[in-house]
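What follows is chain A paired twice: with chain B in the first complex and chain C in the second.
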Partner chain A sequence: MTLQDNFENHSKQYIFCDDEFLSKEREKIFIKINSNNFEKKNNESLKNLPFSDLNSFNYFFHVLDDKPKSIIKEKNVYQVDIVNGRSENYEDENIKIRNIFSKDFDKKKYVKDNKDNDIVMDFNKIFLNSGFFLTVKAEAQIKIHLNHNTKKNFTIFQQNFFNFQKNSKVKIEENFNLTENTINNIKSDFKADEYSSIEHNIFQKFTSSNKLFLTSNATCQKNSSFKQFSFNFSDGFVRNFHYAKLNGVFAKAVLKGCFFLKDNNACSNKTFVSHNAENCESNQTYKGILNDISKANYFSNTFVAENAQKTEGYQLSKGILLTDTCAFFSKPELRIFADDVKCSHGSTIGPVDESALYYLRSRGIDKKQAMKMIIASFIEDELENLDEDNINKINNNLSNYLNSV
Partner chain B sequence: MIFLNINNLNVTIDGKQILRDFNLNINLGEVHAIMGPNGSGKSTLANVLAGNEDYEVKSGKIIFKDQNLFDLNIEERAQLGIFLAFQYPVEIPGVNITPFLQASLNSRLKNQNKEEVDNLDFAKILRSKAQELGINSEMLKRSINTGFSGGEKKRYEILQMSILNPEFAIFDETDSGLDVDALRIVTEGINKFKTNNNSFLIITHYQKLLDYIKPDFVHVMRDGSIVKSGDISLASEIEESGYKNF
Partner chain C sequence: MKSETTETLDKYAIDKYKYGFVTDIEADRPKKGLNEETIKFISKKKDEPEWMLLWRLNSFKKWLKMSQPEWANLKIPDIDFQDIYYYSAPKGFEKKPKDLSEVDPKLIETYNKLGIPLQEQKVLAGVAVDAVFDSVSVATTYKGELEKLGIVFCSISEAVKSHPDLVKKYLGSVIPPGDHSYSALNSAVFTDGSFVYIPENTKCPIELSTYFRINAEETGQFERTLIIADRGSYVSYLEGCTAPQRDSNQLHAANVELIALDDAEIKYSTVQNWYPGDEDGKGGIYNFVTKRGLCKGKNSKISWTQVETGSAITWKYPSCILKGDNSIGEFYSVAITNNYQQADTGTKMTHIGRNTRSKIISKGISLGNSQNTYRGNVSFLRKSAKARNYTQCDSLLVGNKCGAHTIPYIDSKNNTAVVEHEASTSKINEDQLYYCRQRGLSHEEAVSLIVNGFCKQVLQELPMEFAVEAQKLVSISLEGSVG
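Let's turn to the complex of A and B:
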């Protein structure tokens, strides 16, 4: 289907179809893309993007009778299922979840909100069809298993809003169960109130006919901490674009990711941390293993505002290239307007260390196992703070990945 | 059984010939030493024996325990009982010593149709062998060679050897970078390990090491081949007047 067909198809399902102002805005963005009249030069959102797929997909969405569920698995552990973009409304003393309505949106912010001409966010705005609010109440200490279940052929364009109230302590395990031929364009906002602490582990693994465009924006208040880890074992395209704003003093953001690519798969990664207050810390680290003719990119950015003294910002990208036909493009950027800051960035991308491989093999360890040891050591630091379930899951996936090497 | 026989070996790297018609025979239970100036091809020989794939074997043959060595890859050779104590052991950050060495030992035991050791038993073996070599247990928690001093690296090579129990051990300048005390500990470790059922090839510059580990044969190597063979007196000759007479 052409973009025009999709646009018309979707009009009735547009969350803001009753809002003239936003409908106009939607049309404006559509015209911009349809007439191919958007910023292309230096547009990081276009890198490695399957743009033709994005532009000529078959829009498909409807609300199923099959009701999603939110359940308590055990005390303070929740399972929230998002089925085809929709969740079940639920509330208890710890959390509140509900699907979004058009009146939930701050129009001005919605219109303005597109960083860096992000083409994926443009599509998200044109085809928006779902989203939810999830509030974790003050003082709550909980774990949430957040499962996205997208059925065959569904195209999900979603905006979610998480609010972590004061002093809450939350661990989110986000999983994607994508069946076949789905598009998932999901943007999530995370508001971390004072003294809240969030650990967000994202696990991406699905077959090659599915696509995931995941964008997140974290806003951190005083003494809050937002730590995100994404693990991408997918055969399908994944885009991870994650942003954090440190707006209160002593806030901390960690945006980390590991990806494992093979065949002709690609992934696009970007992180951006803005330091807008004193004494904040950030760490942006992405590591990738690439095989065959796979391709990846990683843009990382640290911005330090004039008033953000005593900032500590750290950026790192590391890659192991298993063939000479794969490619990993990495571009770190630093813009610093304060003078009392500690910032650094590093990048090492290259083939597996042959001398290390030789050493291990010379002690009787077979080549595959030696590769596994070296690659496991490569992501070891990232696993440090994960719980056992996650470590096992990652190790299993790593084994599967290496079996195909 | 032919233990080790190297016959007319010619080896190049990047098109440059390094070993030329190299011949050497080692029987089970023997200790051989190779001495030679820098660049004569000693490390090349050691690495070709270990199976390093960077070198190109142009012609020649190596038989080890009646098997054609060129049919075996690096790990298969190690499992069969070849051990190379490296001249420059590489640092591998993030790969912990203990599980690595346990996996090594088990690969070797498996090859010998012996029962593999579990974590607990292995920890015991490792601790007692480490103690013998004056390696403190703190070091065993670290990553392979990472942040080790030169002496610690060499000691750790010997520890690996004593655990893997190879039949043929090659020491590539294990003495370099060791002070007198460290040299004594390392050579004691090597001597303790020596039996009638294993053989050594000791590569060194200096007679000093050979004072501690008595070789049965000493060979002088120049420009990729052995130019003279003899007994320990050859080492004293070199110590006195260098390699110019060879």
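Let's turn to the complex of A and C:
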């Protein structure tokens, strides 16, 4: 179905269609895209994703009767199920969750909020059908299991808003249980208040008929810390675009990710850290392994504003190509306007290290096993801060991936 | 009490651009503006054959349909292409002087001011010089000696007439006129430049050199350089540029094409010191240059070395297409921007052949209110088995009003190719500064020493006579802006 068909047939069914402002904004964006009035050639948001893939889909969404649950599994550990974009409203002394309404949208922000002419975000705005607010209250120290469950053929266009209040300490584990033929276009805003500390681990593993476009914007205030780790073992297309703004002094952002591609799968990754205050630190690291005819890209960007002195910003991108038919593109950017900074980036793309392979084989290890060992060690650094359950989960997925290599 | 920064800034205010003199010579120019008539005028002045005129006119047609490239990290004011003189020759140059004694003594004086005493260089340095003044190549030294070896070193206008087969075959083969709007513009109106052909198995015994100078006001300089190194040959080519100090902006859009056949090597060095504009950003040259080398044959090598200190706006990406197996591309660059200068410069290494290798070393230094961007593209195509690239780009920031940006594009489609890229941005190391100051150096001397050390990896790639000049230029560019 074309964009026009989807828009015309379903525009009266969207939630928030009662809001005049949102409806007008949606129409504006729809006209822009439908009339092809946007940059396609150098548009980073479309890299490795043909516009036609984005444009033609069958819009399908309705609110189910069986309500999702938000429960406490054990003390300070929460499980929040998101079924087809909807969650259960819930509140206790640590946490508050509720679904969004049209009046929740900051209209100015809604209009302006589109970085780098991101077409995927334009689609998110046009078809927006779900989302929730999640507030972690001040001083809370909790762990949240966030499970996205999307039923067959559903198309989810979601905007979520997380607020971590002062001194909170949170660990979020986000999982995607996507059934079949789903589209998940999800944008999450993370607001980290002073002295809060957030660890956000994302596990992406689903079949090839599903697509996931995950965008996140973190805003960090004074002395807060936001650490994100994404692991992509999916057979379907994944777009990981993650942004962080360091607005308070001594704030810290870590955006890391690993992806493992095979067959004709593709993935698109981008991280962007803006340093807007003094003494902030950032680290952007993405590592990928590509097999068969898969392709991937990674755009990383460190921006340092004029007043953001004493900044430390690091970027690293590493890719291993296992066949001569896969392709990896990386663009590590530094844009620096302050002089007292330490910023660097490194990027490597190549095959598995021949000398390491030789070393292992000369000690009696067969080629396949040696390859597995080298690839496992390639991502070892990124696992050091994870707990045992997560490490086991990643190792199992990695082992499955390596068996297919 | 005045701070050290203020003192040195004051000092810089007196330290003006020393190449900013104007030579008062009557010039021969067509009407302003770009149209078919202008192109026909240039072609007629150059006494060109019909095929050359047609080539120019075709390029002009392409230019008409193209818009200026907009992707660079530059703020380029609108350029009125109809408000530029596309040809300016010192009067009486239709008939070229046979030797230096026939050249206008004022011109010779100009070159002496620039520090290029042609006579002296002929004898002492052994450098063959082709000096291009506005649009006309003034004199080519050492021509006779080179001819004995079969080396052709002449102006491109002369080569069009004397070596039409070579020019026809290679002109536009590396930079097609339709590549982008500046290459189309240059192809339509190029006025002069150098042509070099090194025959098989010949090592050019001396370093070939060109000095470019824009003298006349409101004049664009569009030189075209074509260097062909035949099998097993070697040539080192030097290029220097200056312009007078004027309030208006002048356009410089050059195209340089290099072709290296089997086992040939070309080393191309540039010291670019066009007038950068005054301390408020008024005036200066818009330097939009396309430089591209083709390593066509096996085991060929092309090496670009550049020291970029001048120009109000620099838009320049000397590139290598590594087509022949085992070919090598190198790029060494120092780019210094001060006051309101803007530079978006870097390189493009396209690996096509097997075992091709490339190395990129780029050093950017930003001072004052300037913006300095490194933009590089390294791509490995499917057949570039065992290819390798190493890139290092470092930026140094002096002051918090300037910007240093690094934008590399890395694309690999071959699983045996290896690319390694690293970049860093920082300020001058306090410990190094302290060490130097402790040993009695002034703040400015210490900074100059550290910056020269920072650039050394690139400067040492320059031929000796250029290295000394470049080192001085680096120091001059820093004067008054450190603290």
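Rule of thumb we're sticking to: the second predicted complex is superposed on the first by the 401 of 405 C-alpha atoms of A that agree within 3 Å, B and C clash if a C-alpha of one lies under 4 Å from a C-alpha of the other, contacts with A are read in each partner's own complex, and residues count from 1 in each chain.
Simple rule for what comes next: contacts are C-beta pairs under 8 Å (C-beta built on N, C-alpha and C of every residue); 3 or more make two chains touch, one makes a residue touch a chain.
Because the structure is predicted, anything quoted here is derived from the model rather than measured.
Student: In the overlay, work out which of chain B or chain C sits against more residues of chain A.
Tutor: C
Student: Taking the complex as given, what residues does chain A use to touch chain C?
Tutor: It is residues 42, 306, 309, 319, 321-324, 326-351 of chain A that touch chain C.
Student: Across the complex, what residues on chain C touch chain A?
Tutor: 71, 382, 385, 395, 397-427
Student: Provide the residue numbers of chain B that touch chain A in the complex, in ascending order.
Tutor: Those residues of chain B that touch chain A are 50-53, 73-75, 77-79, 84, 86, 89-90, 92-95, 100-101, 103-104, 107-108, 111, 143-144, 160, 164.
Student: Would you tell me which residues of chain A are touching chain B in their complex?
Tutor: Per the stated touch rule, the residues are 353, 355-356, 358-367, 369-370, 373-374, 376-378, 380-381.
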